[in-house]
Amino acid sequence: MRVAEFPQITSEILMRLRARAPRVHCITNAVAQAFTANVLLAAGAVPSMTLSPDEIGAFVARADALLVNLGTFDEERRDAVAAALEVAGEARTPWVLDPVFIDRSEQRAEYARALAAQKPGAIRLNAAEFAALAGSEAEGAALTRYALDTLAVVALTGTVDRITDGAQHAIIENGHPLMAKVTAMGCAASALNAAFLAVESDPFLASAAALLVFGVAGSIAGERATGPGSFATTIIDVLYALDGTALSEKARVI
Amino acid sequence: MRVAEFPQITSEILMRLRARAPRVHCITNAVAQAFTANVLLAAGAVPSMTLSPDEIGAFVARADALLVNLGTFDEERRDAVAAALEVAGEARTPWVLDPVFIDRSEQRAEYARALAAQKPGAIRLNAAEFAALAGSEAEGAALTRYALDTLAVVALTGTVDRITDGAQHAIIENGHPLMAKVTAMGCAASALNAAFLAVESDPFLASAAALLVFGVAGSIAGERATGPGSFATTIIDVLYALDGTALSEKARVI
Amino acid sequence: MRVAEFPQITSEILMRLRARAPRVHCITNAVAQAFTANVLLAAGAVPSMTLSPDEIGAFVARADALLVNLGTFDEERRDAVAAALEVAGEARTPWVLDPVFIDRSEQRAEYARALAAQKPGAIRLNAAEFAALAGSEAEGAALTRYALDTLAVVALTGTVDRITDGAQHAIIENGHPLMAKVTAMGCAASALNAAFLAVESDPFLASAAALLVFGVAGSIAGERATGPGSFATTIIDVLYALDGTALSEKARVI
């Protein structure tokens, strides 16, 4: 991938997402569910969110991608995750791991490490979560090593987003400070990453495109919003209308 | 009911709803809870949402209507539903069944069929859910037959809404495409349907009026919104301010 | 505290909150989680919300304040509350009790009375909830007596907010009628109260300041909003931007 072509490639993947309307099953926390569902819908995907171990298999079997977010870590979720990953593994459905808040609880970090070994397509996380997961600071060489170890794309978000599969690398300087002032922004980015995995077979491209779309939407929403409340509403509107022109104009990829 | 009078009748039921502020207990999924509560509050009802089997009886006993939404289908919810329906049955509290996503899981569809036999006042659903519930396509004769079989009003929403109790029929052509791009819109419509059952004894009129109110609010919000994010906010504002004049001007009932 | 100085004191506590970014762990209902998290983020705090009995201790141990909201009352929550209060008690982490809807279920009221005996820093509630909790009407002398009995600040919200620790008293006449038309407003006020307890050692001052901040934000949002949907968005924007000048201009404290 050449950086100059990346906005155009991203735009093509986004158009494909809208055309195919992939189903994304989300195991996520209650705080994030509604916002995550609305981000997926605005982007063109179709979310489902049941956690019942009895039926999650049926939902995942009909889904095109899966999100495993650890934001609520309880027995029900762990059972749901186990059942979902079994079906996803058989069907080779791509999935994203979002190890939310694993820096706050060692138990949660251990669980995330076990999941990271089960071949997620991508792991979307922040710097503190990366440190808890990988046991090293979130800088270039450590990200590369971790991606090579897990065979997963590492998609680190923050002031700057860094995406790598160990061989390819992208740095995205979009987004907006208000993204840190609205709950579930990271969770929604992970869900979007899963949606992109459903329509793009190169997990690196899919992950980088998802974060570029979300970052550009955030940049534009940040210009229009008057605070975090209107930002959360506006980023959904922007995502829904986002096109190749806006991506090309706003993308800051290096 | 004559179609020409329907906006006026709807307006009267809505005024009654605002005057009486009925309590609506909602068994619904976590994705939909906040939006559903805000739709009910904007319309003039008072929502409650506890699922604890220990206390749901006490809440339903004090409620004027009940919503049973299958969006999250787990043991806790099934226990809550059983406890709630027992109290609702004794008190003859009207209730609405919303068989969310039963087309995705046969287990869920079976459960919905069992609930449909327990005399809901109305069943609010989309075409795919109707097909899974009734085993036939969602067209006129099948809706009528299903309404006669279950003695429930069938309130089918989509591009066009169709409401029937088997004898009376209404078709509503309001709403807006953005309603399909915001999570929990159908769930909220079902909750509103329950609120209308609390203040109108004819379940057909109540259900048709609820869907007209929601559809007209959607039409107006669609004119004002710049995308699905602002649509979700605006439909709440519109619902809160909706009056007989707007209903008469905007209603498209046939 | 002299009333004339109160907006200035409140502004200082709010600045401290933004500077220190205290962690507030919230045990709250699913309806309220997202809005509560966004209110805390807008004010400058960092929310977490896990309920898993396995790990809630680790989260509370790293938190600067705790919210215990009874909005969803099930076994999982009660286990979470017990585990959280044990850690909070050892670490002397301040906590707020929000006895949501205890007027609807005697079981819930009993549970709230047991919690009120465990030394919350503040109890934030409405008049009906106070009556269920204290067994007497929510007027001045009863509030004072209850505060002295429990050694907790009583923070009663409604058209007028009344805050007392039994010795000091404040009455706040801010807020807006639309606050009653948006779900989770009271829950979010309680969470804000917890955040203020994290940065102000006098629980009376902390509670009164939190309710003044929320009330003034509500007053300003009410002037700008066109209904409850935009109100919910706008109050977050206003909270985020609130400063000493706005507090001084708008505060109505007696």
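Chains here go by letter, A, B and C, matching the order in which they are written, and residues are numbered from 1 within each.
What we mean here is this: contacts are C-beta pairs under 8 Å (C-beta built on N, C-alpha and C of every residue); 3 or more make two chains touch, one makes a residue touch a chain.
Fair warning: this is a prediction, and the values are worked out from it, not measured in the lab.
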item: Chain-level touch network, classified as line, ring, star, complete or other; value: complete
item: Chain copies touching (subunit A, subunit C) - same or different residues, decided at half shared; value: different
item: Mean-CA-position distance for subunit C and subunit A (Å); value: 33
item: Set of subunit C residues in contact with two or more other chains; value: 30, 34, 232-233
item: Partner subunit A, residues of subunit C touching it in the complex; value: 30, 33-34, 37-38, 41-42, 47-52, 54-55, 58-59, 62, 76, 232-241
item: Contact footprint of subunit B on subunit C as seen in their complex; value: 29-32, 34-35, 71-75, 101, 104-108, 180-184, 225-230, 232-233
